[in-house]
Structures are given as structure tokens and as C-alpha cells.
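Next come two complexes, and both contain subunit A; in the first it sits with subunit B, in the second with subunit C.
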Partner chain A sequence: MALPGFGLIAIFIILPFFFAIALSFTNQRLISPNPTQFIGMANYSRLLGVGVTTIQPERDDEGEIIRNAAGAPEYPRLRTIIRGNPDFANLAGMREWFSWERSDEARTIVLARDVVFMKALVNTLLFVIIVAPVQATLALGLALLINQRLRGISFYRAVYFMPVVVSIVVVSLLWRFIYDGNNGLLNNMLSALTFGWFEGHDWLGDPSTALGAIMVMSIWQAVGFHMVIWLSGLQTISPTLYEAAAIEGASKAQTFRYVTWPGLRNTAVLILIVITMQAFALFAQIDVMTNGGPRDSTQTIVFQAVERGYGRQDISGGSTISVLLFLLVLTISLIQGFLTREKT
Partner chain B sequence: MKTVTLSASIVALLSGTAVSAQTPLSMWYHGAGNVVESEIINGIVSDFNASQSDYVVSLESFPQGAYNDSVIAAALAGNLPDIMDVDGPVMPNWAWAGYMQPLLIDEDVIADFLPGTKGYYNDQLYSVGFWDAAVALVTRQSILDELGLRTPTLDDPWTGDEFNAALEAAKQSGNYEYAINLGMADAGEWYPYAFSPFLQSFGGDIIDRETYQTAEGVLNGDEAMAFGEWWQGLFEAGYAPGTSQDPADLDTGFTDGRFAFSWTGNWMALNTLLAFEDTLFLPAPDFGHGPKIGAASWQFGVSATSDHPEGASAFIEFALQDEYLAAFSDGIGLIPATPTAAEMTQYYSEGAPMAVFFDLSAAQGTLRPVTPGYVVAAKVFEKALADIANGADVADTLDAAVDEIDTDIQRNNGYN
Partner chain C sequence: MMATISPDNSGLRLAVRYTVLSLIAVIFLFPLVFMVVSSFKPDAQLLADTASLRAFLPVGDISLDNYAAAFARAPVGLFVFNSVLVTGVTVLLSLFVCSLAAFSFVFLRWRGRKLLLAIIVATLIVPFETIAIPLLLIAANLPWIGLDGFQIGWLNTYRVQIIPWIADGLTIFLFVQYFKDLPGELIEAARVEGASSWTIYRRIVMPLAGPVLATAAILKFLIMYNQYLWPLMVVQQESYRPVMVGLQYFFQLNRAWGEIMAYLSMITVPVLAFYLYMQRAFIASIASTGVKG
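Coming up: the complex of A and B.
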């Protein structure tokens, strides 16, 4: 009976999964007349390779450190040291990821073979770490608000749920106009609220606000979905428990702490896992709103997987990113599962 | 593969026994959704089918956004049509991948064609375009007068300094939100198509065209660095909106009077002409190595798996008649491929409002690098331009782009 269903799952889910793992060890291209070759871990080392080097400040003829107008030591450009230099063959093709100065004497530079992927990794983790708790909390708040017997409450439920029903591509396009640097709705609103003091900001064009802007928009878009899950959890809690709490004279806070929250335990675990996985899959917003820019401030893992595999015709590179993402999500799910296990 | 040859031989067997055997030829086209375009191409197909009794061409149209993906999927599945169209700079990639075969067309037929319409790869003709596209610096005579600027001509275009001075004058006038619309909201092939000619005019390039094996020294040499600094300066000085530009600007920004100049293609020209009678289409500025604009648009070729390349080529040759080239031009505003066809058109005949694009295309048109690796290099270049526009370090960004392009070439065994 289950055979057709299982067959479909095998063809469309299990097979591609193993394909991705196998392809990540090859140099498979999207378009190529050349035969595919096994290249071992090269794709992984290309993505994950990092190196560290220390450079000295420039000195004048007397050996004094040359300082700029502000008194900070001047360092030579990294490219003049490592580019095409056989002494630094192990760092060839690497780029500065970040750096710091321990003292006036030296600057330590961390290089990565694929800085864009590293930034995508950091951005995605940041996105998950911020979006998961904020979205879950907001959704719970909304669920508590609409879990009341009031006339017209379904109207509010519908309003909160509306963004979930609209396609994420449409929502992203709309928010692109909202965030517009010149005449965007957000800028106009802030300007009106502050009586013209706020002069407008290019939210998606500024590397320091682009990811934050996408986080806000993503939280707003999906919060209704999680609200409904919380709501279903809330409605499974027996009313008799609330009656008992009321008779005992429990305050609202106490009722929430000792009746509602314990009753939502399983829902909470579910929501945390769902949000985490959805957040890791961040793609459509990036594709529509920023293309990973400005200056890689909104690169994400899935966007990079698609960009490599399809845009740059490097199927093996895209597969490798997918495998790494799988391992990452698996690890985090296992940790979540361990932390939220039933303690008996 | 076996089933394909098997079914092909069955088809051959059946058609051999049929009485009036017209060989069917399938054809794919990227222009679905445009009514005028469909009418013209359908007209050519039915004219061809009526003109001879050996072949019957059947046309299938795809939306442009899904066309390349459809071809790649069809190639992987072994289902390519006989005749297909291909974007000019992508052609070498498809020829190299074995998707296309050289055309069986006498080169005398296309002797008069604009250089950008001829798709040569490895000295063989793989594709021919019925039209070309060109980019110009769009402005109005009244704007030039207001800013006190000389009107550049094809023979005497602006120098880089004059161009920069013009942008500064537009900014200083305070009459425009931005001096120039570069179309930054149009991410994708627009970036390499529209902006790599600036780089080439500076003396750099996306890839070393001597060998096509590296970008080192070309995309990160002194000339390219100068280009990068200039490019970044456009955005730092506030001459042009950056990558977060409102997409609506592309269509209406210039006609609303919010820009003094616009760097756009001939396909936008008609709207501007309708809005302003004194619209000017100026040639690209010369940054030291000649004024240049991008060349090559969509072209037609024959798939490698076609069993009837002579029939497919016959169709393409049939479609290269001036009347069809003129029909495309009148219908959707494209630059006709030959001077004789241009004379027959509404917009490009001698003295017609857009004739200047024909001259621009002939005089300044520069092909994008003719190599299978262009497809990837273009993506890398696009990202580098966006990053530099957003303030990334010029030298580091161009170095990284060079490394990425070189790695891709090595991983493809030099694309040989």
C-alpha cells in the first residue's frame, strides 16, 4: 500500500540527498563536456580553509614605525605581501576575513579561502540566534492576546495570519518598497513621527542595517504561523485548570507561570525546532531584496548554495554547501533535542 | 541515449514510408509573452513552411526568465530542439558544452551584418542575430544647454574628464535628484553588458583575451584599479543611486526629470522619445582606450543533436531577409542587423530618431569575452561591481574576482 508513496519519497527526497553527498566529492559542473572526476575533500577545504598571519607595521629608515595623522601605525597592504609570493604559498588565494591589532607592533589577520561563505555562515547563524527567540516570543504574545472569547476575535486572528498566506516573494517585494532609501514608507513614517528630524536611511543599501531589516521583515511575515501553533497549544489546556487557579486566588502572572507554560511544553519544543529550521533556510527574502549585498552583509548559506550551483554552474560547490548546512542543522537539532528532553 | 537513437530510427523509418515526407523541425524561442514578437516570429515560420516542401518548422516559445534553464534541462535530458536562440555572450558556453553545432550558412550572406550579430567561436559561425542592441548616454539638448556642456559626437565623444565634469555640473545645478541613472537596480547580465565597456575603455578587461586562461593583470592591473576607483567615486560623490535603487527608477526616473543623464539601452529609447522631443542619444565617453559599448543580443543557432542541420540552417538563412529584420525592428524597437534593413525601418532609417543607435553599434560595439568561461566570469564581475559600488576596497575586491575567475578556469581544464 505504501509503496507508491515510498517510491516518490525515495526518488524526490532520499535520492537527491545522497546525490548531494556524492557530488560534493566530485568536480561536477552544471554544464560541461568534461567528465566528472572524484576530487576528494577539495570542495570542503576550498569552502572551509582558513589561515592566520601576522604583519608588521611599516618602518622608516631609522626603524621607527610610520604613523598616520591619527597616530595609528600604518600597515602594508596584505596583497603586497602574500599575492604571488612563494613564501606564502599556503595562503595563496585567501582573503582577509577579519583582523585585530594586539599592540602597536603587529596586526593579526585571519584569512579565509572563501570569505563569502564564511560571511554567509555567520549571517545565517546570527539570523537564527535572533529570529528564533524573538519570533517565538512575539507569536506567544499574540496567541495569548487572541485566545480570548471576545466578539470579533476571528477578525484579529485573520489579520495576524494574513502575511503567512501571502507569497514570501510578494511580501519581499513590498518590503523592498517599504525600506526604500528615498521615498520608502518607513522613512516617510519615521520622518513624520519625528517632525522631520529623521532624514531617511537606505535600510537595505547600508551593510550595517540590511540584515537587521530582513530579520524584522521575516519575523513579521512568519509570526502569524507560529501564533496559530501556540494557539492550538493554548486551547489544549483544560479550562478546569484555570478555574482551579482562579479559585486558589492565583494572579495572572502565576497562572501563566504554573498553568499555561507547563501546558505548552511540547508546543514550545515544536516551535523552536520549526523556526530554527525555517531560519536556516533563509533564501527568498535575500534573492528578492538584496542578492546577498551590500558587501555580503546579507549572504546566507542557502542563497550561496543556489548561487554557486546554478549561477556559477558549480554543482559540486552547491552540493558541498548543502551537505554542510545539513550537518549544521542536524547538530543543532540534536542539541535542542537534548536540552528539551523530558527530565524524569 | 539508446532509447533516443531507437526512437529516432523509428521516426526515420516511419517518415521514410510516409507518402509526402516533410521533415519536422522543432524550434525554441525566448520571447513568450510579447504579442508583437510572437506575431513576427510566427509569420517567419509560416512563410518558411510555405516557401518549400522539405521541412516544417514548429515553434515553441518560452518566457525569457526560464529560457536558459529550459535549454540546460533539455540538454541534460537529450531533448534539445533543432533550432534555438541563444544570448550572444552565452553561445560559446553552449557550443563548448556540445549543445550547438556550427551553422551551414555561407558567410557571404552575413557580410553586411553588424559585427555584434555574428556569433563566432573557435573561428566557426555558431549563431546569427537578426538584430543587435546598443547602449547610449541618454539626455536632452535642453539639459546640455542648461549645464553649459558641449554636445559630444561619434567622432568626438566626451573624454572621461568631460564626462565626470558633466556629472559634477548636473549635481551642482541642484535640479536633479541624481546626476545619472546607471540602472543599478537591474542586477544580472546588465552589469557586465553595460559597465564592462567602461572597464575596457580604461584599458582593462574581465579576462585576458589573448589566452582566455586568466584574469590576472587584466581585471586587477593598474587600468582596472583606476576604473574601480572611478566607479566607486560615482557612488561616493552621490552622482548615481547604488545597488538599492528603486526598480521603478529604471522605467520612469529619467522621464520624470529626476536624472540629468541615463545610461540605458535602445529598448528604452522609444519611451524617452515620446516624453521629450529634444532627447539625445550620446556615445559612450572615452576613458583613454576608445569609447566602447556592449554588443551582441539574442541570436539563432542549431543544436548539436539536430538530425537535420541543413534544414535548420536553411530556416535561419531564410529568416535573415531584410524584411524580417525590419519587422523585428519596427515591432519591438531593436536595431536591425543590416544597413539595408535599417533603411526600411521606422526608427533606424536615415534621419530617423533612433538611427544613431545603428551608428553607435557599428562604431563602438565591443563583444563581451568570447569564451565558455564568460558565463561564470560575468557573475563574478557583477558581484565585484556591486561590492565596489557599496564601498568595498577596490584592490582587494578585484583581486578576489581574479582569483575566483582563475579558479573556475582551472577547474574546467582551461575551457578547452
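Coming up: the complex of A and C.
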């Protein structure tokens, strides 16, 4: 009787999971005239290849560094150095990812074979590292607030949870208007609150604020979900412990530190892992709001996997990204489990 | 943290508490109120109103014009029908298939059941996003025998939106946890009386499974109705599109915000109303993924 259930899971979850691993070693496309070939680790090295090099500024005939009008040294174009130069064979086909001035006379350049993917990787990690702790903490704060015995408290609980039942796609389109640079609700409200001092900002159009804006919106949408999980954890703590703490004259902070927090340990592990998995899956917000822009500042791993696997029908490339994503999720979850383990 | 009714619950303290609670409530409510209110306003007024609190009030030139325009732009009725069909069928099949599997894991004795259950639970750490691309390739090549004969390929159908989503680790796990807490004597007694497994499932276990059925149904409903990535990839034909993918008709409209708000309201408000009506059950179902998961 378990057969239908297990069979469906085997075909639609387990099979594609192993299929992804297998495909990542091939050059499979969705529809292709050529037979699929085994190409080893090529997909991985194409995605993850990085290199470092240092370049010297241009010098004139006397050996003086050529400087531009602002006095900064001028460097030759990276591409002209690398191309066809056997000394840089390992950097062939790479593009500049980021660079910094090591001294006045040298510049260190980090190159990547796939700069867009590298940016997606960094953005996703940034998203996870910021959103997971912030959202977990805010959710705990809300859960503590909502766990009071007050008349009408269930109304507030219902309201805080409300965005969770709204699709993230709907939320993203709605917030695109809130963040809009011209007539957005946020700009107009900030302007009204500061009596016109705030002049407006194109939140999603500016590479320095786009990812942050998406983080805020994502937390707004999902924090109620984790509030409810914290709440169910809070309610497993026996009231007699609180009574004992009150009799001992414990302050609110002490009660939280010695009664509430130890009772929430398992909930904390679960919440961190759940938020992390959800944060790594960041896709719909990007697809609706920014398409990865401006200037790749909101590229994410899943967005890249879909763009390649589906958009460009490059199944093997998309699968490789998927495998890397899974390894990341697994690693972070294990680290979180380890860091929050019971200390004996 | 339980504030019992104690002397320090003076009027002032209460007022502070309610103020804090209400301010936070405003943060969660304002985008949704804005969405619904704006859907009734012409674009010019909608934009002008964002500079004041009028943005959240149904004042001025209120009409249903935006709704009419949204219907004219996209086959809204068809999208809603598709979503309701896909969601409804998947939820029902999922409840049946997953409860049956859980029943077998908990009440029947067969070799390998522990291993199989462990594998199912292990799938919980595989996010859908990591299998979406290979699943697309599988779906494009799966065979099907339908009314019009044998075919290869599931793309652009209802089945590709339904069948992969019927069974999942979480739903099976929720049923398993619930069934474990049922009194085993009931099942033993029925077996002694010679009842078949199927009868026990149908007559004894399922009538007791009300709460977990509600939990599983709500979770599945939320996942299915809000589907985006999967139908985006496997459904290109308008005739099979669900509501969230239908939103793409409105992505490119940078001016017609009223129309967008009308569409968003149409696909969101019924769900919100359903949620408010069944609020406790919704929250309990999310909470149960935490306590037991």
C-alpha cells in the first residue's frame, strides 16, 4: 500500500536527484541533434574556475608609469595580456571578477571563468547569511510578543501570519510598486514623513540597494511562518518552570536566558535549517522584480540554474548548478546542526 | 513569558503593549490594504494618492474598471480554473496516496519498510529547486497513454502539474507521526475480527485522521496554489497556465498599476478570506511542521 507513494517519490524526487548528478558530467541539452557525451568535470571547472594574476601599469619609454588625468596609473587591458600568451594559458577564457590596487605599481586581479555565476554564488550566500539570522531573530521576537495572554491576541497573530499565505510572486509584483523609483509608495511615504527632505531612490534600480530591498521584502513575507514555529516551541515549555523562576525572583532577561532559551534549542536548529533552505532557493523574487539586474547585483544560484537549464535549454549546465546548490545547502545545514548541537 | 494577570498589568502598560502590537500589525497589513484599495482606483489617482494616507483608503473615483481591463487583457477565468483544478486534484490525490503509504508504514509489517521510510524522510533535505532542471528533462520524455493514444512528453498538460506533486516526504511524515499516536488496540481488535487492511484503513484509521488531513490539505493547498517555477518551465501554452504564471501578462505593464492590483487582488483575496475563516487550522498546520519535523 506504500507503493504508489514511494513510487511517485522515486520517480519525481529521487530519480531526478541522481539524474542531476549524472547529467552534470555530460553535455546534455533539452533538445539536441548530437548524442550526449560524457565530459567529466568540465561543467564544474567551467563554473568554478578562478585565477589570480597581478599586472603592472603601462610605462612610457623612460620607464615612468603612465598616469591618467587624476594621477592614477593606467593599466593595460587584461584581455590583451592573456590572449594568446602561453604564460597565461591557465587564465585563457577568464574574465575579470574583481580587482584591487596592491600598491601604486601593481594591481591584483581575480578572474573567473564564469563571472555571472560567481556573482550569483556570492549574492545567494549574502542573502542566506543576512536573512537567516535576522529573520529567525525577528520571528522569535514576534513569537514572544504574541505569546502574551492578552485579549484579542489571536487577531494580531492572524495578521502577522497573513503575508505567508500570499504567494511570493504576488508579493514581489506588489512590492515592485512599493519600491518604484518614480511614484513608489515607499518613496512617497518617506518623502511625506520627512516633509519633502527625502528625494526618492530607485531601490531596485540601484545595484547597491536592489538585493537589500529584496531581503527586506522576503523577510516581511516569511517571518510569520517562522514566528508560528517558534510559538509552537514556546508552548512546549512547561508553565511550572516560569512559576519557579518567578518565585526565585528572576528578571525578565534572566527568565529568557535560563528558562525560555534552553527550551527552544531544538526549535532553533529546525528554524535555522528551514530558513536556510528557503533562502538558498531564492528565485521568484528575482524573476519578478529584477531579472538578476541591475548589473548582476541580484543574480542568484537558482535563477542561473533556471536561466541556463530552461532558458538556454542547457540541461547539463543547469544540473551542475543544481548539484552545487544541493552541496551548499547540505554543508550549511550540517554546520548549523553542529554549531547548535547539544553541549554535554 | 506568559504574562499572567498580575498587578503590573496596569492601564498604561496595557496601552503600550497594544500600541506595539498594532504598529507591527500595520507593517504587515499596509501593502495588502494598499493592493486591494488601489485596485478600485484609476491610475492617475492611484499614483497621486501614494503621497498621503489616501493610498490606504477607498476614496475618490472608485470603480471596477481595472477589473474589467484585467479580464480584457488576459483570460483570467481560464487561469483561475486551471489553478483550482490542478490544486484541487493534487490535494485530494495527495491525501489519499500519502495517508495510504503512511498507513502501510505504521500498521503493516513488511520487510524493508523502515529503510523505505528513512529514504522518504531523507528526501526532505532535497529542495525542489535542485531537482527542477533534471525533472524538466524527465517530464519532456515521459510516456503517456491517454484518450488520444500513446504519446511521449508531458509538457503543456495538466498531468505534468499534478502527478509529480502528489507524493512528498513531508506529507507522508505528517501522517506517519499522527498514525503512531492512534490507539493500537483499535487496529488489533479489528484485525482479530478479520478485517482486511483496506477496511481498517477506510473504516477505522481515516475517520480518526481529521486533524492531520486538515493540516496536510492546507500545506498542500498553499504549495500548489502558489506554484510558480515549475509551471513556468513546463507550461508554455496559455490553455494550461495557472494564475501565478498568468501574472506574466502584467509584468511588462509599467503604467497600468490599477490593472495589476486588480489581478493581484482577484487571485489573492479569496485565499486570504479562506485563511481568515480557517485561521486556527492554517496556523496549526504550519506549527505542526515545526514540532514534529
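Assorted remarks:
We adopt the following convention: the second predicted complex is superposed on the first by the 337 of 344 C-alpha atoms of A that agree within 3 Å, B and C clash if a C-alpha of one lies under 4 Å from a C-alpha of the other, contacts with A are read in each partner's own complex, and residues count from 1 in each chain.
Simple rule for what comes next: a contact is a pair of C-beta atoms (placed from the backbone, for glycine too) under 8 Å apart; a residue touches a chain by one contact, two chains touch by 3 or more.
Everything numeric in this text was worked out from a predicted model, so none of it was measured.
With subunit A as the common reference for superposition, the partners subunit B and subunit C occupy clashing space.
When the two complexes are overlaid, the chain among subunit B and subunit C that reaches more residues of subunit A is C. In the superposed model, A:G293 makes contact with subunit B only, not with subunit C.
In the superposition on chain A, contact of A:V115 is made with subunit B only, not with subunit C.
In the superposition on chain A, no contact is made by A:L190 with either subunit B or subunit C.
In the superposed model, A:V329 lies in contact with subunit C only, and not with subunit B. Once chain A of one complex is fitted onto chain A of the other, the partner contacts of A:L125 are absent, as it touches neither subunit B nor subunit C.
By the document's definition of touching, both partners, subunit B and subunit C, reach A:L30. By the touch criterion defined above, A:A106 reaches neither subunit B nor subunit C. Subunit C runs into subunit B after superposition on chain A, and of the options 170-178, 188-196, 242-250 or 278-286 the stretch responsible is 242-250. The contact surfaces that subunit B and subunit C form on subunit A in the two complexes overlap at residues 30, 177, 183. Interface of subunit A with subunit C (complex): residues 1-9, 11-17, 19-20, 23, 28, 30, 142, 144-145, 147-150, 153-154, 156-171, 173-175, 177-178, 183-185, 188-189, 191-192, 220, 224-225, 228-229, 231-234, 236, 239, 242, 255-256, 260, 267, 270-271, 277, 280-281, 283-284, 287-288, 302, 305-306, 309-310, 315, 318-319, 321-323, 325-326, 329-330, 333. Of all residues in subunit B, only 72, 75, 93-94, 96-99, 177, 187, 241-244, 246-247, 375-376, 379-380, 386-387, 390-392, 395-396, 399-400, 403, 407-408, 411-413 touch subunit A in the complex they form.
Partner subunit B is touched in their complex by these residues of subunit A: 27, 29-34, 77-79, 83, 93, 95-96, 115, 176-177, 180-183, 202, 204-205, 207, 290-291, 293-296, 307, 311-314. Of all residues in subunit C, those touching subunit A in their complex are 1-5, 14, 17-18, 20-22, 24-25, 27-29, 31-32, 34-35, 47, 50-52, 55, 97-98, 100-105, 108, 113, 116, 119-120, 123, 125-138, 140, 163-169, 172, 197, 201, 222, 225-226, 228-229, 232-233, 244, 247, 250-251, 257, 260-261, 264, 267-268, 271-272, 275-276, 279-280, 282-283, 286-291, 293.
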